[in-house]
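Presented sequentially are two complexes of subunit A, the first with subunit B as partner and the second with subunit C.
The block that comes next holds the complex of A and B.
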């Protein structure tokens, strides 16, 4: 009733209202910078060589997707989970176990279109179970429990030879090959990662504005009130874990296709923490943050050695650089690089033009 | 204790039976059928003793962690780095001066100083912001790990056991009976027993200090409600610094202990951080008796697991954690 009245009272024609709703739902489409970034990403193979295409941008997109799942949990659900990389690693292992690889005594040799959904489903189930365990606790406890799960998985893969191939892992994993295209060639693979990352990005963006995402943000801000309103707090949290696990699993599948091998080193505790660093450095309030963080991380990881050597320092101190950068970000900006950027923009802008608060958490 | 039995008679019964079975397994001479089924008693006893002494080491690391958490509600994920730092300091001191005891003192003082710096420079600036503190400690642990790798390299170090502690001792526990009817006693490394005894002494002293002294009373009051405590005129920041220094110092001592009967290398920091996490999750965050119980359980599970089911030893530890979380999310001995 009130809805009807309000639409009648408003003078704007319905088409423009629909358009406004669309823009409210997808603010990227109004932003010329977003279009520019999308265009650059699409024509990237024309600009960048094979090394840059896969080692920098492909890896960025994959790591960004995994970190995106953490951003979803931490930013919208208030749950900092350190096991997102473990879920990705689990999916990667499952692709190797069910699919085709050089370790014929382990791999079952299923075709990729059967092995990949299986891996995704199993990894999602794994992540949901871990999430169901983690939601029994809150805040810092969640960090500790997910860290313990990640570490347990790392040690387990190291010791288990029957399924996970011990500390050498599983090598020469087959990659999909259909429609006459080898999807692991640089350009094709770049578009696969770009497509998956874009789908995940828009899915997270959409869910954050869908009723489920809004309820989840309510749970983040005040679980008691949400429970009093009749929402099942734990069910929302577990569902958030399930969704994030699926995204992380997609990232894991891409990762195993990228490196064509999987070993415990890629699910180590340090790597789990790297994902947290990526998400926090980029900023955990918006889905774009993890991708920015991943780009910074990958660039640092690739070029820090040369850079440090050129400055006359020891090139092996790359992790020190990462750690100090992370500390600086955490110390001075609670919202990562995005937060710094926004603060800079606001300080440039004249005072009158400043938007009202509440845009940070979107 | 009696209240626990009244409330959960079934659990109490299970616990008592389990303890009785364990004691019987330790003290009796095993019948031949049992030896055939699960192997020789010497192996079992060694695993139990290794587990208990490892539990002592875990307790030293985890008690500092849980003490800091209990009072200040900050999860110090750089605790493993403090452990490794203490170990390296202990190694440096013991190789240069040859004194094992001195290495404990220096390691304690230096790690306590690092703890004071952490508390004053880092944690005081962000009091009450749990997640941010946790992130900062993660960043610090990365920086520390790399600095230590820079300074000490990736080699394995082992601290020399002092000569008066080298060698095994006979324990009055019969492992087997020879055909001549002569009993065979268990031989066990002296140094591990001494270290275990020391950790028990430290644990009991901590418990007494917390429950019977004035400063302990202040700390317990701070755990319950630090705002009211500060309002009564206690200089709470000073208490925080002292507790942080003491907890960090304990990690440093544990580093020397770990360097003596295991070894020091990059990666040990994460291992011990993880062990103390699991220990305090099982035992209950912020509780010293909880840390002791959790350390004992995890140490025993790790060692018995690595003897009887070597492939899945780590999974046993993990399963215990899952079980505790499922039944009692706040930990076995935490009150909430």
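The block that comes next holds the complex of A and C.
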């Protein structure tokens, strides 16, 4: 009886419970800083123009999206894949091969709305196959296999002239024009990258709490127990590679539209490792990490040159700064910049607020 | 043993678990040698034996964590010897681990939810469970059954040892278990927690049989109706709890002089 009464008394709470569940599922919606960041990103074309809009923010969003695919695999699945940039590069090459470019002997001249889905599908298939190889291994061997795939693809593109255009690559790749808009003009293209990055970000965030994402985190924590709960662990890992490959492929399509060309230099082993650095520096525990890492990386890459020259050093040593930053992060904050931020927030809070005695995590 | 006969007819199969000549080698070392026994549906049995007797290896062979080197394993009449673990679990087999095998990065609720999801459809679903998701309710009920409702939103890494042991049991009871392997569920529990464990085990539905590995005879003999004694990877003796307890050879081997 008392149970019935208490439910009758609480006529409104179910709504607020639903609201609480919603906030729990989407913590961003109650975070004023997140709204502020979203607002700034949307009105960015009013603040920044040309160079900043595309070279800094557009590039950050593209690299962040590619690094997001690594964050998904490494953070939720415990699989460090060094081939995410290779998958993106594969998609970029496929856009150039199936679409329109100056290399008329290579490009098939399909319209963008056919070439792009084709590129996404092929790159996803490519990444899934690579993943199917990689899931037979664990830890450092996963890194080695995916690095080997990345290196093999780099050398292959260098030497193959029939499809990949050799070391000069494929140039003057056409970008989409429709509804009377040239989508490669700075402002339009900025919104395209922002839209794709936002969709990928929210998709990863959403799936992390869906059965597929939860199971992936279970596989990360204890694959043997997952099998003893009825999960086909390897199938789950391959599916995670497929999903991450699709995100990386989206990043690759944006990248080829951004530079309007693709060459082996864009899929070099060094570039593959840059994606790992971006994800680790930003933090692989949350989907926002790769975007923060990408912003730091792009800012350093762009401005460290001037800064170093002013100090009397070789400007090309900007990687030295990135490397030092990487070392510092690995030493002091295994969960990247977002981990540092969370610990700082925690230390600012009064002691009584902390539910678990103050040990920060996740 | 009337109750056993009743359970038997209720389930309608002659054997829940049937092992024939199961042998498991680790290199030259035989961890299990020619183990043959049958457990009826609904039967509750203890496996006793000293360290290295092969008890946990036996569990690993039954669940497929390590396949046997030779021999056959039938689960409710079906030959599952070469099945991967997840196929056996989907058929109603469950197990717990001697050292808690949980998901420390996830909450208690998520741990149990995963266990419920693992033995149902939609393991790859990209859609978040809604407010009225049946598996969420099933998970809630399981969390309640093992007295963990108060900590259901805490990460498992933050739980006390006894709570982790209880969660370990909850994971094994998700879905519709037909037969459960409990690997030392009482290890490291306080007397109060042991009493709760006994209550959980004895209040399981009658059609769910289990094998329990347990060193604590007070726990083991209160929750089982038959006992298999193992020694050096072989079945040494089988019988009723009283018979095994009073068997002079068993006392010599296992109980030492303490029970004289």
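The definition used in the following text is that the second predicted complex is superposed on the first by the 342 of 362 C-alpha atoms of A that agree within 3 Å, B and C clash if a C-alpha of one lies under 4 Å from a C-alpha of the other, contacts with A are read in each partner's own complex, and residues count from 1 in each chain.
Just so it is clear, contacts are C-beta pairs under 8 Å (C-beta built on N, C-alpha and C of every residue); 3 or more make two chains touch, one makes a residue touch a chain.
As the structure is a prediction and not an experimental result, all values here were calculated from the model.
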First, second, both or neither for A:140, with subunit B first and subunit C second
first
Figure out whether A:345 sits in contact with subunit B (first) or subunit C (second), or with both, or with neither.
neither
Does subunit B (first) or subunit C (second) touch A:270, or do both, or does neither?
first
On the A-aligned overlay, A:152 touches which partner chain: subunit B = first, subunit C = second, or both, or neither?
first
Is the number of subunit A residues in contact higher for subunit B or for subunit C?
B
Have a look at where A:280 lands relative to subunit B and subunit C in the superposition and call it first, second, both or neither.
first
Touching A:160 in the superposition: subunit B (first), subunit C (second), both, neither?
first
Examine A:320 and indicate which partner it touches, taking first as subunit B and second as subunit C; both and neither are also allowed.
first
Touch check for A:331: first (subunit B), second (subunit C), both, or neither?
first
Would you tell me which residues of subunit B are touching subunit A in their complex?
75, 77, 130-132, 134-136, 138-140, 142-143, 145-147, 150, 270, 274, 277-278, 281, 285, 310-315, 317-318, 321-322, 325-326, 329
Report the residues of subunit C in contact with subunit A in the complex, numbered from low to high.
63, 65, 84-86, 89-90, 94-95, 97, 101-106, 110-111, 113-115, 117-119, 122-129, 131, 155, 157-158, 171, 174-175
For subunit A, which residues are in contact with subunit B within the complex?
80, 133, 136-137, 139-141, 143-145, 147-149, 151-152, 155-156, 159-161, 269-270, 273, 276-277, 280, 314, 316-317, 319-320, 322-324, 326-327, 330-331, 334
Of subunit A, residues touching subunit C in the complex
18, 21, 25, 206-207, 209-212, 214-215, 217-218, 220-222, 224-233, 236, 239, 356, 361-362
